[in-house]
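So, here's a batch of structures to check.
Both complexes shown next keep chain A, but they swap its partner, so chain B is in the first and chain C is in the second.
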Partner chain A sequence: MTEIEIVDRINFVLAEEFEIDPDRMTPTALFKDDLGLDSLDAVDMVVVLEQEFKFKITKTEAYQAIRTLGDLHAFVLARRAEASGG
Partner chain B sequence: MTHAYEVAITGIGLFSVLGRTPEHIAKALRLGRSGIVVDPERSALGFASPLTGLLPPSLDDPRIGRKQRKTMPDFAFHAAVAALDALEMCGLDTSDWRNDESGLVFGCDSSCLAAVDQVSVLQERGRTELIGSGAVFRSMTSSVTMNLNTLLGTRGACWTISSACSSGGHAVGQAFDLISSGRQERVLCGGAQEVNWQSMCGFDGLGAFSCRVDEPTRASRPFDKERDGLVPSGGAAALVLERLDIAKARGARIWGRVCGYGFSSDGEHISVPSVNGLARAGAKAIRQAGLTPADIDYVCAHATSTSAGDAAEAANILSLFSGSRPAVSSIKSMTGHELWMSGASQVAYCALMASECFTAPNANLENLDPAAQGLNVISEALGRPPRNVVCNAAGFGGTNSCLVLRF
Partner chain C sequence: MRADVLVVGSGVAGMTASVLMAAAGRSVILVESHRSLAPTIRGFTRGGRHFDTGLHYLGGLGEGDPLRTYFTHLGLMPELKPVAYDPAGFDAVRFGDTGEEFFIPSGRAALDDALARRFPNERSAIAEYLDAVERVFDASPYLNFSLPYSLDASRHGEIGSLAARLSKLTKDERLKTILTYPCLLYGVAPEEAPFTIHALVAGSYYRSVHSLEGGGTALVQAYRRRLGDLGVEFVCRAGVRRISITQEGFAGVELNDGRKVQARTCVWAAHPAAMVDAAPAGSLREPYRQRVLGLQSTGSALMLFCESDSPLPELSGRNLLLWPGGGFAEKLSGRVPMKENAVFLFAGQGGGEASRSVTIIASMDPTRFAPWVDTNTGARPTGYRQEKLRLMDALLMEAESRCPTLVGRLTPVDGATPLTLRDWCQAPNGAMYGAKHSTEQFNPQPLTRIRGLLLCGQSIVAPGVLGAMISAYLSCGFLLGHEVLHRQLQDIA
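This part shows the complex of A and B:
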């Protein structure tokens, strides 16, 4: 998967899981204030991302620092790069 | 209590094995049509009885979003659908419920499948973080009221009563008490019951279920001499109870009134009902309603089609109505035993009968059990509506609920 495909996939699964209008899924969108997600949604975000991308998400500093959709894209891309040794 | 307010029924919602709409359900009740089927999976799993009530499909409902659905087991979804139907019927908008005077009381005594599911997911995925956010809310018996509170924004009473098969009856009774005493102006109440084999396997193991597999629709036969056990069933029933003066002032349709609620417990056996518990509750309820037993023209019996239970209820009814012979029928002859839901659904079914001017039969009654001799159990629908009604519900542990309704 290219980086663009991965980002599209992240947006797709989150839009599906949380019933978010895809037009609102911009990189600067804040999960809480712009997308209306809460702490319970954060639990399910881990579940759907792990199921989708097959890597383990632990509550590292990098994960805790995620505030925007763009932050999440970067986090997932970095984890995939680590996993593939890149 | 210095003043008792009168309490009106202004909305009804049902998710029943007899159907989804009041019209459909009323027709089934009038015709004595059964909602019981054979579930072959139960036989394969080692159940003694594969019989169960069959609910309509749980299609998505546009009024309930995906996020809300995550925290709802099926029975809470059914309760939410029934509740929203009842709300629409009563003519109150959801904004009318967002205040301290509006509450929720439901009856429910299990959320077995959700508990089983979360364990399976943990074993499959290996970390609790991957169970998902909804499991904890789905696996509580109070799932119905916690979800409805979030969905509707009510700000008054919000709790679930667990008292086995009298849960729904006590829920309606307590809702009545809360309004009658002036503590709430309106309460959305009812009962919900999961329908899945996981929640029923232990009960099946008691040998309490009917094994009349060749005639599923005739398996539930309360008060019949040839009855051989109950048929597990479920769904959800919701009722809007409202202070009568407020309901009248806003021009609401009054389906009927709840006029009395009596409760008692047996203090005897954990599963065998006593010969006087329901009668003691009934006497209290009738007295509170300002009536005498002779005024009651219909008893909507708890009778589940078990040998011991029906005989005990017959003894209770005979002693309570020693000088009169009200019509008696058990709706469970058609629905099967809706368990936690049944005490509330009986109220909804009675309101439909009153509205459609008939009294539902005790289906499948061919030969009255000797223990019920003297009871006026009606094997065919009566072409007259019930007027002054007693609704019985009894649960494991010997907990009894009796409601008096007037139409």
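This part shows the complex of A and C:
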């Protein structure tokens, strides 16, 4: 998958699972204020992405401050690069 | 029925939450699906003899220790008579290969000393391990009441596994076994057990070890009296069928028999998966539902309850762990042959008649009873009963062959299989300690998407009596003020 495909996939999965309006899913969108996802959703988001992209996010990482959708994209891309030895 | 607060599930967490909410002036209804309160820790009586099923020994009940502070705060202490285990050895670990028996003393200094004498080349590893356990213990405002309250500090900060931590400290396999065996008391293999959970459980036993006169029943009676004094209404044989919500959040439940309970606040102390099952469609997000329904359980066990002809010296003031060698993960899976399983023996303490109740426990895979998974306690077919008796017999023979002084002294009275535990304790998969706390699994937090509905219990914060109790304080803290409860505990400690 290219980076753009991965970002699209992340957005698609989150939109599906958390019923977010795709139009609001810009990289600068804040999870809490713009997308309506709060700390209660953070862990579920992690679990959904783990399943989708087949990697493991440790508990400390999971509770790290990811504030915007763009932060999350960057986090997943970095993790995928690590996993593929890149 | 109507109250300020509905508490679902009357285990240690549910009874604790009920006392806390009622003591703060709320009207409370406590519902329990079983026919009596707290079936797991209550134990049972056969031929006038009490047997414990859930409560075998308690860590941290000594003067100034956290469990004592909680029992005192809850108003239970006047009714409880702690019976101290032998501080020179509350557990004896007997190794199958050499027959060596190592006594685990309680108290940091005594434990340090005993370990250092047995493993003189491992002094620094031992000190480092005990320091690490103490640090975890002292960093939690729920165990070290002198700390100022902090919600963040109540989270388990560290994520490394017990096995990873011990591998860095020592190569001595015997020492590792001795430091690892408390994992049998929370049912998670060391490779996936967070060190923090291990430190909480093991650390409480390293402080002080007691049982209670009268066993788990005495604890349930003390709670029952307190709940009565506080005007808590308890309703047994009352499983929750459906949760109802409104725009404002939680509104009440419908019970299995059709009765309704109205309340704006609910502390759910039954298994979290049961909450998800009962919640109305759309009230919880699908990923959350899937995560909670898919929670991995801690292990299950086969329990054999016996009467001994007289109090057994092997079990006077201590428990006995018969360790055959091998790894903990395979034992906890319950899939190894009896010969390779860990066998744990407990007896009533304090001497006299109570000491003649002996319980033998070995991990057991619940799928071994898969053919009878759709049957219920009291209505199981002959095939199940034969298999249960066969396994009970095998467990007794195994215990006798590893500890020959027991031969001919124990008469089996009854047994419990993973299915028994499942049905008596309302525990999915017969899990002894609720959902697993592991380095991999994300357990649900107290707060839920349904406003006014909070979770608590072993699956939420930590396992065991102390873990369930802390979980209730954490959840009720969201309702009554974390600092308020913390100050009350500080005043006692």
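The rule is simple: the second predicted complex is superposed on the first by the 81 of 86 C-alpha atoms of A that agree within 3 Å, B and C clash if a C-alpha of one lies under 4 Å from a C-alpha of the other, contacts with A are read in each partner's own complex, and residues count from 1 in each chain.
In the analysis below, a residue touches a chain if its C-beta (ideal position, glycine included) is under 8 Å from a C-beta of that chain, and two chains touch if they have at least 3 such contacts.
Source: prediction; values computed, not measured.
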A:29 in the overlay: touching chain B, chain C, both, or neither? Say first, second, both or neither.
neither
With both complexes overlaid on chain A, does A:6 touch chain B (first), chain C (second), both or neither?
neither
So in the superposed three-chain picture, is A:18 touching just chain B, just chain C, both, or none of them (first/second/both/neither)?
both
Which of the two partners, first being chain B and second being chain C, lies in contact with A:77: first, second, both, or neither?
neither
Quick one: is A:41 in contact with chain B, with chain C, with both, or with neither? Answer first, second, both or neither.
both
The answer to whether chain B or chain C touches more of chain A is C
Partner chain in contact with A:66 - chain B first, chain C second, else both or neither:
neither
Pick out the shared contact residues on chain A: the ones touching chain B in one complex and chain C in the other.
17-19, 40-41, 43-44, 46-47
Seen from chain B, its contact residues with chain A in the complex are 65-67, 70, 129-134
Can you name the residues of chain A that touch chain B in the complex?
17-19, 40-41, 43-44, 46-47, 50
What residues on chain A touch chain C, complex-wise?
17-19, 40-41, 43-48, 56, 58-60, 62-63
So in the complex, the part of chain C that touches chain A is made up of which residues?
155, 159, 285-288, 291, 439-440, 442, 445, 447-449
